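What follows is a short report on a single structure.
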Amino acid sequence: MIRLEDVWHSYDGITYVLRGVSLEVGAGELVCIMGSNGSGKTTLVRIMGGLLKPTKGKAVIDNVDAYQYVKEGGSPKVGVVFHNPNHQIFSETVEKEIIFSLKAVGVGLREAEKRMKETLRRLGIEDLRIRNPLTLSEGEKRLVTLATMMAINPEIIIMDEPTAGQDWLNKRVINEVIKEMISVGRSIIIVTHDVEFCAELDARVIILHDGRIIIDGEAGKVLSNFEVLEKAGLRPPIVAELISRLMVKGTKWEYLPVKVDDAVSLILGKGVKLAENV
Amino acid sequence: MIITRELTFTYIYASQPAIRNVNLEIEDGEFVLCLGATGSGKTTLCRCFNGLIPHFHKGKLEGCVKVNGLDTRFHPVYRLALNVGLVFQNPEEQLVALTVEKELAFGPENLAMERNEIIRRIKEVSDILGIGHLAGRRTFFLSGGEQQKVAIGSILALDPSILVLDEPTANLDPHSAEKLVEIVKKLNKDGVTVIVTEHRVDLFAKHATRAILMEKGHILMDGKPRDVLPSEEARRIGVTVKLIELYRKLSEAGLSLPYPPLSVDEACKLLEEALK
Amino acid sequence: MFDYNLKVSVVHSFDPRTKIYLSGAFVVITLLIDNPTLLSVVCIFLLFFMWGACILSDVFRAFRGFIYFIILIFLVDAVLFSLKFALTMIIKFIGIIFSFLLLLMTTSPDELLQVMERLRLPMETVMAFSIALRYTPTMIREAELIFDAQRSRGISFQGKGIIGKLKGYIYLLVPLIAISTRKAMSMAESMEARGFGAKNKRTSLNELKMKKRDYTIIITTTLMLAVILLFEFYLGLPPWATLNFN
């Protein structure tokens, strides 16, 4: 469980990038954090990942200060899978890359090998095992860093733009892997622009703007709130936009279908939770 | 105009060709959307169009590519650069100058153009892309969207008739991505032939005049977006376009729309008709 | 120079060649003369230029970093040689620092590149410089990101002793080098795709033109420094103007 208590952060002592952010993510929860560039997302990721100490306020993981915790090293409770896999990769083979990380957090060799094989299998990239990670495509490299984090298996995994530049098949794999991890009690926090991906995940959605949380709720509700989305520089999911245009002018809604199946059901009259006036 | 005949290229370090037997004819003014999974050869194909293959990336090139009549094997990249511009996916890694102005001037400076000509071109390109206000800014401090615009501007300064963009929105936020699509659309309208490789199909689907599917280096399908996107082949390689999925699922459930919609506007119109 | 918020002043607006000449002239003068009084006069000239460039406060701030070094030089020279020598040495040192700071704080990297272009240095050299300047902040940022990414997957940079610290650097260096190589390749492609190498001589957007004020300042300063040299080597100074500890 990770909790942020009234976190403020400034890099230069003058402008605050984060202004009073408080949130809590429990075990088995899936959260998508969205916001435009400059909203403070990256700083939030670093603070939650225990890589940065907030200027004011606290970030705690199971009642232990996140920054202190990561500073001490050892088996991490939280791990961040960063946007650019090249910032991390340095081993000669994919398997060495993963095993190295596992050993660094104190996992024995035998267990490490087991976990490495397992995560490669889950991501469908066993054929990359003895390849040199530096020769892989960007998408494949991303999967390797994801595999590394999955093998380490911290309680909380934070992903920074996991779908950027990925093709459709990889996106699906990532989607499935996330759902699998949630089902075994991991907490996953995804920072992304990808509204459609968020919609497919049935996640809790938090939108950050100007360093503050401006909305926090379930995907169906948040992604239907066009004003808030626009403020954050995001477009609503395509199907939500479509349905909103089909409705009678002036209708107010609370929920719009954000997934294709829901939209289909609605159109065919099978009813999906919308709100009063439909 | 781009013509390729049995184009096959194998990178020097690879055992398999990255693209094989590609036969394409792209007319002036077309807007081509090239789709395929990672590794399908899209990027290789892009680099064949402007001569980086075979001049910069070594390997075995079979078949040929003719751009506006020039065979890429026999003309250096800088000659081809006047005809074809190539924009890569990472905007930051394309910018070599300290300031935006110098970046826009880079191409013309390379071709030893007169100073007045350079200034004229910079102004023209800045106007088209709306980046005049960024002139003296340092490239490092620009946002991703601004950087991508500068990269495009810097290529347009050479006035190519064909613009190739390789996953241009991969690193952009939604707002910048939309702005980029608008710019590309405008350029196409002004006569520039556009070839885009992308995964975010829905952004470009409504503007493209042609869609090409690639798989393992081959061209799987080549035709109108409305025919290609909902096809079985597209589905097989994993192409996901929400509106097409909607169209398909409604069809399966009994509600057939006359044609697959490629934009929200189209979908709206079709559904309003169908639900009457 | 690397501060991206250069001020605007008369001095800033000089042609970069003028600024280079000024700094160079001051450095040479400082090295040539040994008389502490004359050296002080040179320093006062420098301070005058700095005042004209509105960078006095910045210079003093930068100076704070040198304070210990200056004190050290003074003490060592005073002990090893003489008080007068020590004083002379530190004024020389200050003079040289001031000369360099004057140049660095009034010239932007673009101006430096313009001078290089004008000098008709090979275009690859100028390009290499330009890219190095352009990419330094990027590489610093990349290093920070690598640091974060590695810590997040369990790597600890608090190694024990020298060996431990060095080991830590490997985890920073390998990705950094890999990234640099990648960026270099990307940039090379981008440059080729825009015609780099098409002609042996590139033209330039910028134009360096010496204005009247440049010539004025160069001549005036040269004259004043020549006068100082004259005093140093030929005319000598009246006794009341010389610091004499003997």
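Should a chain be cited, it is by its letter among A, B and C, assigned in written order, with residues numbered from 1 in that chain.
As a working rule, contacts are C-beta pairs under 8 Å (C-beta built on N, C-alpha and C of every residue); 3 or more make two chains touch, one makes a residue touch a chain.
Everything quoted here is computed from the prediction, not taken from an experiment.
Among the pairs A-C and B-C, the greater number of C-beta contacts is found at B-C. Using the average of C-alpha coordinates as each chain's centre, C ends up farthest from subunit B. Averaged C-alpha coordinates put the centre of subunit A at 29 Å from the centre of subunit B. We define each chain's centre as the mean of its Cα atoms; on that basis subunit B and subunit C are separated by 44 Å.
Chain contacts: subunit A has no residue touching two or more partner chains.
Multi-chain contact residues of subunit C (touching two or more other chains) are listed as 182.
Residues of subunit C touching subunit A in their complex: 142, 145-146, 148-156, 158, 170-171, 174-175, 178-179, 182.
Taken in their complex, subunit C has these residues touching subunit B: 4, 109-110, 113, 127, 130-131, 133-134, 137-138, 182-183, 186-199, 201-207. Chain contact summary for the complex, subunit A toward subunit C: residues 46, 49-51, 70, 73, 75-76, 79-80, 82, 84, 86-90, 101, 104-105, 134, 148-149, 152. Of all the residues in subunit B, the ones that touch subunit A in their complex are 36-39, 89, 143-144, 167, 170-171, 173-175, 178, 199, 202, 238-240, 242-243, 245-246, 249-250, 253-255, 264, 267-268, 271-272, 275. Subunit B contributes residues 50, 52, 55-56, 76-79, 81-82, 85-86, 88, 90, 92-99, 101-102, 105-115, 118-119, 122, 138-141, 151, 154-155, 158 to its touches with subunit C in the complex.
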